[in-house]
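Just so it is clear, A, B, C, D, E and F label the chains in written order, and each chain counts residues from 1 on its own.
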Amino acid sequence: MRLSTRNQLTGTVVEVTLGSVMATVKVRLDGGEQVVTASITKEAVAELGLAEGTPATVLVKSTEVMLGVE
Amino acid sequence: MRLSTRNQLTGTVVEVTLGSVMATVKVRLDGGEQVVTASITKEAVAELGLAEGTPATVLVKSTEVMLGVE
Amino acid sequence: MRLSTRNQLTGTVVEVTLGSVMATVKVRLDGGEQVVTASITKEAVAELGLAEGTPATVLVKSTEVMLGVE
Amino acid sequence: MRLSTRNQLTGTVVEVTLGSVMATVKVRLDGGEQVVTASITKEAVAELGLAEGTPATVLVKSTEVMLGVE
Amino acid sequence: MRLSTRNQLTGTVVEVTLGSVMATVKVRLDGGEQVVTASITKEAVAELGLAEGTPATVLVKSTEVMLGVE
Amino acid sequence: MRLSTRNQLTGTVVEVTLGSVMATVKVRLDGGEQVVTASITKEAVAELGLAEGTPATVLVKSTEVMLGVE
């Protein structure tokens, strides 16, 4: 499926923390040292089989992105 | 100001497209070739003085991040 | 690609309205008369080739869903 | 109160899972078999009295909707 | 309809700017000088009849709120 | 850092509830009695040192704001 979602960044899962219904998953982006944190449902973590070392794509709708300048 | 926002990725503006009230801004992330698109208000683009070449930080709340796996 | 996104509803595009940088797309959900409106970038509409009659999947992250009761 | 929120889909709660501060609620949409998952606060679940069988409206702002095509 | 949406702040519309498909609406919150900007569809502005002086409620899902500290 | 985020409202933390990976934080806005609830990661609460009485800024992207009228 091709998505309208503008931002699709490739990386690798470096940490999964499971809560009661939610979970946080950290993904290191390819080609750099920058890490992205996702707060997703625990159900989604189980369904996708996310664990340390899993290659994963980070997806963010462009309307969710803010910018900052010094 | 320190922010609760988990994702703060540094980069450089590579394209600004102004609409009537909204705008899209593309930022190339440091340390890689990955580009992020932000849909923000035209007012914000003017206030921050965003233009091609402006160093900028991409901010995304962790609850807005989705993950995909092959 | 399998997605963490909990909500993936199938339907058919019934209307596309293009703005200057944004667009609104209406999708009638399968198996009912309910219609969903998406505000996405004009760029995404072009890339996906969305037009009246295109079968499309509506995706919404669960953290974006609110509930109401009478 | 009339809302700017474009997407207001009627359905019935089919599952409530309570976490420590968050909760997930699944709603089957009327006129079809499609189910929507909402991640909302546990406080909201209590206030609205959501339980299996409660008629509920699913609300999603149009800027939160993504589209996918095969 | 009672909503799961945690944040419902009352105020008055002080400015409406119409774009091609989107619009920005500024609302001064009651009991203070703080102003909130909403980016909503032009369609919603028309349907709700929003104009300078309209009493309006600002709604924000709690998962969309970030915090900053000095 | 100056932010594209249109809504930056000042206030004071009045309640922090920690979950397993998420937390809810309530902030009373300055100049009024209105309270805003944020659902953020527990990690962010710890990093920012949020507690009852902490002065805090509430940040919300304009695309996340909905409006209601009677």
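Here are a few things to note about the model shown:
Note that in this section a residue touches a chain if its C-beta (ideal position, glycine included) is under 8 Å from a C-beta of that chain, and two chains touch if they have at least 3 such contacts.
Please read all numbers here as calculations on a predicted model, not as lab measurements.
Any chain that touches chain A and also touches chain F is listed here: B, D. Traced through touching neighbours, the fewest hops from chain B to chain F number 1. Looking at which of D-E and E-F shares more C-beta pairs in contact, the answer is the pair E-F. Inter-chain centre distance (chain B to chain C, centres taken as mean C-alpha positions): 23 Å.
Between the Cα centres of chain B and chain D there is a gap of 29 Å.
Measuring from the averaged C-alpha position of chain C to that of chain D gives a distance of 16 Å. Residue numbers of chain A whose C-beta contacts span two or more other chains: 1-6, 19-20, 22, 24, 37-41, 43-44, 48, 57, 59, 61-64, 66-70. Taken as a contact graph, the chains fit none of the simple arrangements: neither line, ring, star nor complete graph.
Contact between chains, per the stated criterion, is found for A-B, A-C, A-D, A-F, B-C, B-E, B-F, C-D, C-E, D-E, D-F, E-F. Looking at the complex, you find that chain C touches chain D at residues 5-10, 24-25, 27, 29-34, 36-40, 44, 48-50, 54-70. Those residues of chain C whose C-beta lies close enough to touch chain A in the complex are 1-6, 38-41, 43-45, 47-48, 57, 59, 61-63. Across the complex, chain F is touched by residues 17-20, 22-24, 37, 39, 63-64, 66-70 of chain A.
Those residues of chain A lying in contact with chain D across their complex are 1-5, 19-22, 41, 43, 61, 63.
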